[in-house]
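One structure is given here, and the rest of the page talks about it.
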Amino acid sequence: MRQDFFIVGGGVVGMAIAYGLARAGQGVTVLDADDTAFRASRGNAGLTWVQGKGVGMPSYAEISLDSVQAWPSFALELQQRTGLELEYEQRGGVDLCLDEEEAHARRTEYRELQAQSERLRRDFHWEYLDREQLLPFLPGLGERVAGGTWSPHDGHCNPLYLLRALHAACRRLGVDIRQATPVENLARTESGFRATLRESHVEAERCIVAAGLGAKRLAPQLGLSGDVFPLRGQMLITERMPRVEQLPTPQIRQTATGGYLIGDTHERVGHDKGVTLPMLQTLADKAVRIFPFLRSTRLVRAWAALRVMTPDGYPLYERSLTHPGAYNVNCHSGITLAAFHADGLAQAILDDRIHTHFSQFSGARFHVPSTP
Amino acid sequence: MFRRLPETASDSAEVTLWVDGEPQQVGATLSVAAALLQQRGWAEYRLHHDGTPRAPLCMMGVCHDCLITIDGEPNRQGCLVIVKDGMRIETQMPAAQPTPGASTG
Amino acid sequence: MSENPTSSQVAEVAIIGAGPSGLTAATRLTKAGLKPVVFDLNAAPGGQVYRQVESPQADLRVTGIDYRLGQRVVEAFRRARVDYRPDSRVWWVQRVDAGFELGVLHEGRSAVWRARRLILCHGAMERPFPFPGWQLPGVMTAGAAQILLKQGGLLPEDAPILVGSGPLIYLLGWQYLQAGHPPTCILDLTPRLQWRLPLRQPGKAWHARGYLFKGLKMMLALKRAGVAIERDIEALEAIGDKVLEQIRYRQRGHWKQRPASLLLSHVGVMPETHLTRSLGLTHRWHAEQQSFLPVRDDTLSADENLWVVGDGAAIGGAVNAMREGTLSALEVIASYHGLTKKERHERDGLRRERARDLCARQLLDAMFLPSLNIDAMPEETIICRCEALTRGDLDQAISDGAEGPNQLKAFTRCGMGPCQGRQCSLNATLLLSRRLAQTPDQIGQWQIRPPVQTITLGELATSSMVENRVT
């Protein structure tokens, strides 16, 4: 029996779309690479976050907003289907500014973003709070922090459990998930698409490339854009600490199990997911600057993961011009966008209207002279 | 509980530890975890985050089940720290850890 | 900041570990005029086997005569006046272009060291041995009990029960007997058939005769003293509310129960692989030792300018660890200025002795192969102690699609606690291996993440590198 879709990539992006399509009754096969493959979905910060998104492309901020609004019901449904707790919380979040300069730049940025979109002026809520005002939301905040922008849309989850829940839910919906099955090549057949594997191949009517960094090589084979590159992020996690009522920040947040997650660096170093001593120290410095009480807290793990980055940092959603029926879905912030991917985006792919509804996100934007 | 071999007890140096506020004389070569196993045994050593009691397993730094508060620093590996005169030890029943209010560094 | 020459200290040769292998390596290098730096997290030299050897806390009659050999090794090391840094945890190790970068934590301060050559002498750990109730206070490893004996002459107040397989069980039982406090019984998990191996492999048995006679002597002494030795144990449980109260075991199909206050368990030792895995070395599954071993060549080198010796590379015991320590020193000397004829002679002799000993070792490995399989453990058995995850939890994640160790770790948090997977990594791999019908090599082990040893954020943030940068 031939499937309706095959999806290349079993990270949160591929799995969220597989989930959305399977829920809509489609027959889906997911092809994923080995246990040691690059997988941003296993190394990220778990924020469901709107702040800072879309400066320069308001429509990105809009879909991020759509996604965080859909997250509560998305999380609930996944939990009900699988019995897995995603540790999802949306009680607002704070993006810290360590000094006044940063605080000024942040405010200017958000105002500019809102100036560009009626919807964001109406629906994106935020406020700048100085350290004193932040203290009730972030008890123990260090004195060497200027303040931060607060927004009620922001939240966090356990991204590893999100990945697991998507796998588990897809299995229950009958998705054929094949791990350790790297795709070597993609091609069109007379009536669909073929993925060539190490020893066999898989066919389906339509296909989606959600292979993260793997898209660089695979997407162009179907006339899709391969404009993704790795951007390394190093992170730290501490031992469990007593839970404190506090809001998450992108710089540091306490996870549901009590550990403090400290992030993250932005380094263009190719396909190297090693950690480096200077960066670990920089992160530790920042952590104790924000929360001095963490000085005697033990580091349990440091790691790095590679972001799936596009040249402008915005998502890449497109339908192939040369190979209709082939789609490309690659982005940073796949956790935030998971609810949107499972719902709005999966539906747009199903209805084959991704190129009309989300034309700004096409890779074509990288191949025309950009306008400021 | 553990006790010392008679010949060891008679000819080796001792130091004073303060365990949960109580002074205890212990052998100077012992690790903090060893001293506790001798003086108090393995009951009431530490509560794990799931609420179950735990005590040292390996005594060589591998298992992290010997976590204990030493001179105010929580979650130190008791089996890797040798006792010192005047050291303050708190068993972790339950875990005593710094919280935002406790210090601002 | 690596360009800043004052920001790190430099060692000609760095040695991690001051057990028998590290001590001999350092002593031999110094004799040849080189200046190694030795880091060890313990306060005194000796490693696992010769712990506390400089100021013994228990009579040599109790600990056994092998301790004398340890005293000689430590004395030679002290005489060589090596740059020895006790109480120094190597928490970070990474290859950098010109050698290795080490992060060393000493008295709450972290320093960065650079070394052109590195000898890893970090030793072994006891194989994690999960069974229902092994997390209860009152269950310790036999190695831990032996450490208490060596470190402070400590004996259990009430006679303990010993359970497991491997020479250490009988050694500890015998040591307690020498101290006048024998255990109540020994539950021997070695399958009966394996005891007959020496008869079937007389050649190897000859090389192993020293070990075998010693073991036999101890076993007989224990029997004579009335210590019950139970065999054919098929299952084991520790039971208790807040502490251990009872043990239950199945012997030849029948469940038996015994009151117990202290259960000392042990199923052999295996290399501690955090350092070698952190360095990205290739590891292979070794079926006889039931462990992953870093791959080395004939010169005991695992990579350029990197040697791994002693029980941190493959279990060979204290004497073999000393030979390998000296051998690695000779290889380092050779890499500097070649070997003299005398040194070549020394090396060849050691290599021959090592080969003979390894032959004996194969027999011992086969004799003491542990028998209780992880997948046969009841599903409530805790596998990951830190995160309190059971065999059932891991199986559930496997059926959700965790088809590899990294994915299993991500799906469950297995190995994400403070012990960093030391107590669960191997068993997670073995469980996957059973469930997916692949070899442990095919499954592999999850990726190791720094730090290798505990460090606080404060220690990391104020380490000397940062301070040097500021000034």
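In this document, chain identifiers A, B and C correspond to the written order of the chains, with residue numbering beginning at 1 in each.
Throughout what follows, a contact is a pair of C-beta atoms (placed from the backbone, for glycine too) under 8 Å apart; a residue touches a chain by one contact, two chains touch by 3 or more.
Not measured: the values here are computed from a predicted model.
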{"item": "Reference chain A; chain at largest CA-centroid distance", "value": "B"}
{"item": "Chain at the geometric heart of the assembly (C-alpha centres)", "value": "C"}
{"item": "Length of the line joining the C-alpha centres of chain A and chain B, rounded to whole Å", "value": "44"}
{"item": "Chain A-chain C separation of Cα centroids, rounded to whole Å", "value": "41"}
{"item": "Distance from the mean Cα position of chain C to that of chain B, given in whole angstrom", "value": "23"}
{"item": "Contacts with two or more other chains, residues of chain A listed in rising order", "value": "239, 257, 288, 294-298"}
{"item": "Chain B: positions in contact with at least two other chains", "value": "49, 75"}
{"item": "Junction residues of chain C, two or more chains touched", "value": "417-418, 454"}
{"item": "Residue ranges of chain A touching chain B (in the complex, touch as defined)", "value": "139-140, 142-143, 239-242, 244, 257-258, 288, 291-298"}
{"item": "Of chain C, residues touching chain A in the complex", "value": "1-2, 92, 94, 101, 103, 112, 397, 400-407, 410-411, 413, 416-418, 420, 444, 447, 449-451, 454-458, 460-461, 463, 465-466"}
{"item": "Residues of chain B that touch chain A when the two form their complex", "value": "49, 73-75, 95, 97-105"}
{"item": "Residue ranges of chain A in contact with chain C within the complex", "value": "34-36, 42, 82, 160-161, 163-164, 167-168, 171, 177, 179-180, 236-239, 257, 274-278, 280-281, 284-285, 287-288, 294-303"}
{"item": "Contact footprint of chain B on chain C as seen in their complex", "value": "41-43, 48, 52, 55, 57-59, 62, 125-126, 135-141, 143-144, 147-148, 151-158, 179, 242-243, 272, 385-386, 388, 417-419, 422-423, 453-454"}
